[in-house]
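Next up: some structures, all given as structure tokens.
The same chain A turns up in both complexes below, where it pairs with chain B and then with chain C.
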Partner chain A sequence: MSVLDIKNIHIDFPTSKGVVHAVTDVTLSVEKGRRIGFIGESGSGKTTTALAAMRMLANPGFVASGEVHLNSLEGDTNVLHLDEEGMRRVRLRKISYIPQGAMNSLNPVMRIESQIWDAVVAHEGAMEQSALLERSNTALDGVGLDPKVVGRLYPHELSGGMKQRVCIAIGTCLTPDLIIADEPTSALDVITQRHVMQTLREMQEKIGAGLILIGHDMGLMAQSVDDIAVLKKGVLVEFGPVRRIIEGAEHPYTRELISSVPLVGGESFLHAQAAPPKGEKLDVPLLELDGVGKQYGAVTALHPMSFALDGEEPKIISIVGQSGSGKSTMGSLMLGFNDPTTGSVNFKGDDINKMNAAERLEFRKQVQAVFQDPYACFNPFYRVNHALKFPFENFGMQGDVDAAMHEACEAVGLDPSLVLGRYPHQLSGGQRQRLIVARALMLSPKLLIADEPVSMVDASLRATILANIHDLKDKHGISIIYITHDLATAYHVSDYVMVLYHGHVVEAGPPKDVIGDPQHAYTRLLIDSIPWPDLDRDWGDAGDARAALDALAQIGGTPETVYRGDIPGFTLRQG
Partner chain B sequence: MADQTNAAAPETAAPDMAGLTKRQLKRMKRFDNPWNNPKLIWGITLLMGIIALGIFGRIFWDTDLVFTGAVMPSQAPPGFENLRGQAGLASSPLGTDVAGRDLLALLIVGAPNSLYVGMLASLIGMSLGIFLGFTAGYTGGRIDDVIRVGSDVMITIPPLLILVVVQASFGDITLTMMAILIAAFVWQSPTRLIRAQVLSMRESGYVQMARLSGASNRHIMFREMLPNLVPYLFGSFIANVTTSIVTAVGLEVLGLGPQRVPTLGRVIYDAIDSAALTRDMWWWWGFPTVLLMVMFIGLLLINLGLDEVSNPRLRRL
Partner chain C sequence: MARYLANRVFTLFLTVFIAATLIWIIPRLSPVNPVDAMLGRMASGGGTIENSGALLDQLTERFGFNDPLIVQYWLYIKNTLTFDFGLSTASFPTPVAQMIATALPWTLGLMLLALILTFIIGNLLGALMVWEHTPRPWKVVIPAAMVFTSMPPILSGLLLMYVFSSTLGWFPLTGAYGIRVEPGWSLDFIGSVAHHGILPAMSIVLVTFGFWALGMRGLMITVQGEDYTVLAKAKGLRKRYILYKYMIRNAILPQITAFALKIGMLVAGQVLVERIFAYPGMGKLLYDAILTQDYPVIQGVSFVIILMTALAVFFVDLLYPLIDPRIRLGA
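Up next, the complex of A and B:
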């Protein structure tokens, strides 16, 4: 029996540029106890479709036509006909919503248990304190949190994964018919993601509700849902059981989405290249970290470590770790945005924090970066040319700046006539990030620090941008430090991988060894937690995820570094 | 692998112009140019009206009529009678006061004076605020502490109290002097506003990019950050003009401020002082009040309009 039927729904957003048809003629049903994944890129209408069922569309969107039937309603089952009070009763009780950013969804001034009581009282009326306590205890128990401890805490005292599990507890405490989970794990790292997803699945199976999981990660979908609905620009392009979609997708867009997920050990998305051009030969290393450590107050972000990178043979060094592992701190230390607490960062033998203005300009010219957020990297006041033109002129580089811009854009696969001369908000995230890569190419530095360059870009474009970055090494002889949380891309792109955990290097060596055959417990855990778009590769159940988190807690302290072999021109040591 | 055409494709479905009413289409057209905002246009028109009164009044009317005894005293506007039953004269279209000054001439000279004080005070206050706010936000540390605490302390001091004391001891002052005195009390909120904005902008991606491009601090402050603050600065400037005019008029109505230069506040002070209310000389206090209202409504509309220009979410179809 189906829980929710969406019939020929059209959703429009009147904007200052005309009416945007965000969703066009989508029809689908959610069966009881079945999990459906809505997958698509940003702006594809996946969230809008799901939210229409709760009548929570963002202003000024509205349902232009179509029907949404919630079959457990008495009489008229169309939720679009309900009045405000009727709709209030439906939300959470019949359809619950698990938001993307749990950190912003919980009330910061209320204890966790009070927030669950709020939900219960709003739908079932006032009841005895003891009865309420029992309800909140059951709900928290269900998601594996200790009600005696967690119930009395405030949201800021919980970790991201715990907050998301509290959201699941609230979303399931009234045993709804349908749960809508909007990218519930996109802000979490892989290990926590697995635990949260397994908890959500477990709860959903226990109460027998339907589940709509919204996401953009094909691997996560493959491991979590029964059916997949692929949306593109508001149109449902493909819908079917997960196995058929993954193994025999019919629509080219679906195939593109699946193939865009890089696999460890899978086929590389990079083109083989002839030998890269050599960099200049130096007596001193291009970049040297000498006993560099960083502390923020009492917190140690990075324990002292040293490495030396030789610039002659361009290489890509990956730094892999979860959020808080110290990888971004390393990036900003290498760029001289932060002073190290101990040790020194040397570029061509000179300490970058002791340079005068002229030397510093020269250092900036030779060391460039690509940052995570392509949306913030352009000044909204200027046309995008400004970001490319200004450094070119500031560094006093020779040649025609316009010709150089055109050439760089073409090299990263952008049509200069389409992107140059536009304002940043007129370009997509992917276009902007490629422009930043083009900027780096135009300045032809010796070293590029790429800090999570693709984590905020749509999945189908990630491979392209990484290939662009890889070309910087292969065709232009630029050495690259690639900072990421994504082991699969690090596996393909890099020549050497360092895995960081709590500011320590736990495992380092060539990627085929470190990621292909991990030895350290932490690296193994990371790799096991990745959701693969492969149905035969089991992700484990909630118990496995919990055991993994316990294992992680045991690693703590000062873990030993496992060295997995060297590559010429790069040396690493702890301390 | 995604190809070039895919990268250039828009992220959402293209907008569709069909199926809209004529009125919606007309309103939509307005969004093509955000500056084409009715509130903004009306506000500017009202303020321009005050300035036009000052300019054309000087050409077509005799401003010497502001002096005592220039015309018949206590005359109502034409078509009305004063308490003594004398009909108004066409030679004084807005009536006259008890000292024989022509009210139209007073307004022609006084209204632009009030606006001038407000504008100048706000301009000085904003310049101070921009300088201090940028210094505090960008340098941080001890300098930030000093500026922040200083502006916080100044916010807690009631300006009218200090100004009354200062002006009472000064006696007669010029309009510019008055503007400078008021400016000492309108720099705090722009300082705080700009400091907060600079603090958040300092960590933004494009400032990092500029640092990466080897930009100097001056370039980052004035070429990267300042342009993005323009809507805030405009809004803050207009709000400060309003505050400054209110403060100036408040002081003038108390009989302080410039003694020999006609301003709107001064006219109202004279009216109250000569018991215009009980003598039923409504034109004496009424017309300057109407002009002040026009000024404030104009400023308010400009502020609302600028808000809509800088924040597209406020625009409604």
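Up next, the complex of A and C:
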């Protein structure tokens, strides 16, 4: 029996440049207890289609034609015919929504339990305090959170994974017919992602609701849903059982989505290159961390460690770990944004924290950075060409700035005539992130520090951008420190991998060994948590995810680094 | 908690101390010697003054200008901290503290009323400019009403006087209370004060609510796009509940800081508003003091303004952790 039937729905967004047809003639049904994945790139209409069922389209979108039937409604089942009050009563009670931004989806000034209570009261009317408390306890208990502790907390006191589990608790507390989960794990690291996803599945099975999972990660879809609906530019291009889609996709776009997921041990997405150009030969390492550790008050973000990277042979060194592992701290130490508590960071033999202004300027020029959020990296008031030109001139680079800009844009696969005259907000996230890479490239740096450079762009674009970054090494001889939580991409791009856990390097070596055949329990857990687009690979259930987290908590003290082999020009040690 | 409190109290005293020092230094940079100015005033009143040299020396000695600067400063700080601002030069020998004490309650009453009214009205209208369920006519009227923001309060005052006082005769033209009423804690007096206060208060509200409304509008737009507002709607909460508990509740937080800063400033009064309504408050006091170069009064009023600002900020700092759980004491 179907819970929701979407029939020939068309959704339009009137804009100043004419009407945008966001969704065109989509028809599909969600069965009770079944999970459907809506997959597609940003702008494919996947979220818009799902939100139409809740009548929560972003302004100025509207349903131009079509029907949305919620079959548990009495009488007229078309939700588009409901009045405002009727629609309000449907939300959460019949169709619930689990939002994307785990970080910000709870009211920051209300306690967790109050945010469950207000939902219950809005649909079932006022009730005794004890009855409300019972409801919130049951809801939090169901998602594995301790109601006595978590209920009294405020959102900022919870981790991202816990917040998202609270959202699942809210979304299931009134046992709706249908749950719409909009990329519920996109901001979480793999280990937390698996735990949250398994919790969602467990709760959905328990209440027997249908589930629409919106996402762009084919691997996550393969491990989580029964059916897949592929959307492209507002059109449903393919629909079918997950195994049929993964193993025998008919539409080329679907095949593209599947093949764009980088796999550990899979085919490389990088551009093949002849021997990379050599960097300059130095007597001292290009970058050296000498006994570097960092403490924030009583918290140790990074335990003392040392490495030396020689710049002659350009290399990509990956630093992997989940949130809070200390990998971003390491990045900011290397960039000199933070002083180390112990030890020193040396660039070409000079301590970067003791440089004078002129040396520091030279250091800044030679060491460039690419950050996670491409949306926050441009000053919105300037056109792209100004943003590219400014550092070039500021660092006193010689040569024709326009030619350099064109060259850099082409190097990252962008058409200079298309992007240079535009403002940042007119570009997509992927384009912006490539421009950041282009901006760095224009300065001919010796070292690039890339902190999660692709985690905020669409899965289908990640491979291309990483290929661009990889080209910096092969074509321009730039060494790269790649900081990420994505082991599959680290496997492909890097020459050496360090796995960080609680500020310790727990395993290190060439990627084929460390990621291809992990030895340390933590590395194994990271790899097991990756959702593979392979149905025969077991992702485990909620119990497994919890057991794994418990096992993780057992890793304490000072774990010894498991060294898995060396590469020339790079040395690493603890202390 | 204790550390946070100690920290705040220390900041409070430091601010007041630095400000008091600046108030002492700045007038001393002025080329005008207050003794000369005083003599000048006497001369313009009574023609020539005999023994003016001796008088000058006597006054200079009397004012303590012969003492070393550090002694003068020490005396000043000691006096200021005990609210002894000396004697007015214009209304010699009335103590400045007494003049302020007379004027302050009027201004505090009027301005606090006006500020609270404008804060509530402005923020509510600002929120309604953004809320998706605001009735359409409101969305037209509110931005149009912003016209008043560009009007100086003296004009809004005259406008209100014309409409509600001269034409309709609902409210008295000027003064703080009726001439036939005896000041005291009687119903008659309080009623009369309220009756006289409404027009000046409204003339301030009219020109200042736009400041709050526009600020609130920007904050509401941000909050409206937040995921928690979207989730609130998806939870099927009632629209007014979302407006108050999710949107305004979060958007108002920075406005409360602005409110604290305004409390300090309001002591200075709306100088011209008090002037045209002949309202006996701090604004009028300051206005007269500036006209007559009455430095002790200017200094005293400045100090009270700073003290009020610092106190208001201090109390908001203490209040903030209660209204925003993300700000934890000591964190």
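Keep in mind that, in the parts below, the second predicted complex is superposed on the first by the 533 of 575 C-alpha atoms of A that agree within 3 Å, B and C clash if a C-alpha of one lies under 4 Å from a C-alpha of the other, contacts with A are read in each partner's own complex, and residues count from 1 in each chain.
Keep this in mind: a residue touches a chain if its C-beta (ideal position, glycine included) is under 8 Å from a C-beta of that chain, and two chains touch if they have at least 3 such contacts.
This structure is a prediction, so every number in the text was calculated from the model and none was measured.
Visitor: Touching A:Tyr97 in the superposition: chain B (first), chain C (second), both, neither?
Guide: Touch partner of A:Tyr97: chain C, not chain B.
Visitor: By residue count, is chain A touched more by chain B or by chain C?
Guide: B
Visitor: Is A:Ile170 contacted by the first partner chain B, the second partner chain C, both or neither?
Guide: Only chain C; A:Ile170 stays clear of chain B.
Visitor: Once the structures are superposed on A, label A:Tyr563 by its partner contacts, choosing first (chain B), second (chain C), both or neither.
Guide: A:Tyr563 sits against neither chain B nor chain C.
Visitor: Return first, second, both or neither, reflecting whether A:Met110 touches chain B, chain C, both chains, or no partner chain.
Guide: In the superposition, A:Met110 touches chain C alone.
Visitor: Considering only touches as defined above, state whether A:Pro380 meets chain B (first), chain C (second), both or neither.
Guide: first
Visitor: If we count contacts the way the header does, which residues on chain B are in touch with chain A in the complex?
Guide: Residues in contact with chain A: 1-4, 6-20, 24, 28, 31-32, 204-206, 208-215, 224, 227-228, 312, 315, 317.
Visitor: Which stretch or stretches of chain A touch chain B in the complex?
Guide: Residues 14-22, 24, 41-45, 60, 233-234, 256, 259-260, 269, 335, 337, 360-361, 364-365, 368-369, 371, 373, 375-382, 387, 390-391, 394-395, 413-415, 418-419, 428-431, 434, 436, 460-461, 463-464, 467 of chain A touch chain B in their complex.
Visitor: Which part of chain A faces chain C closely enough to touch in the complex?
Guide: Residue list for chain A touching chain C: 54, 56, 59, 88-93, 96-97, 99-101, 104-110, 118-119, 122-123, 154, 156, 167, 170.
Visitor: Quick check on the complex: what are the chain C residues that touch chain A?
Guide: 132, 226-228, 230-239, 241, 245-246, 249-250, 323-326
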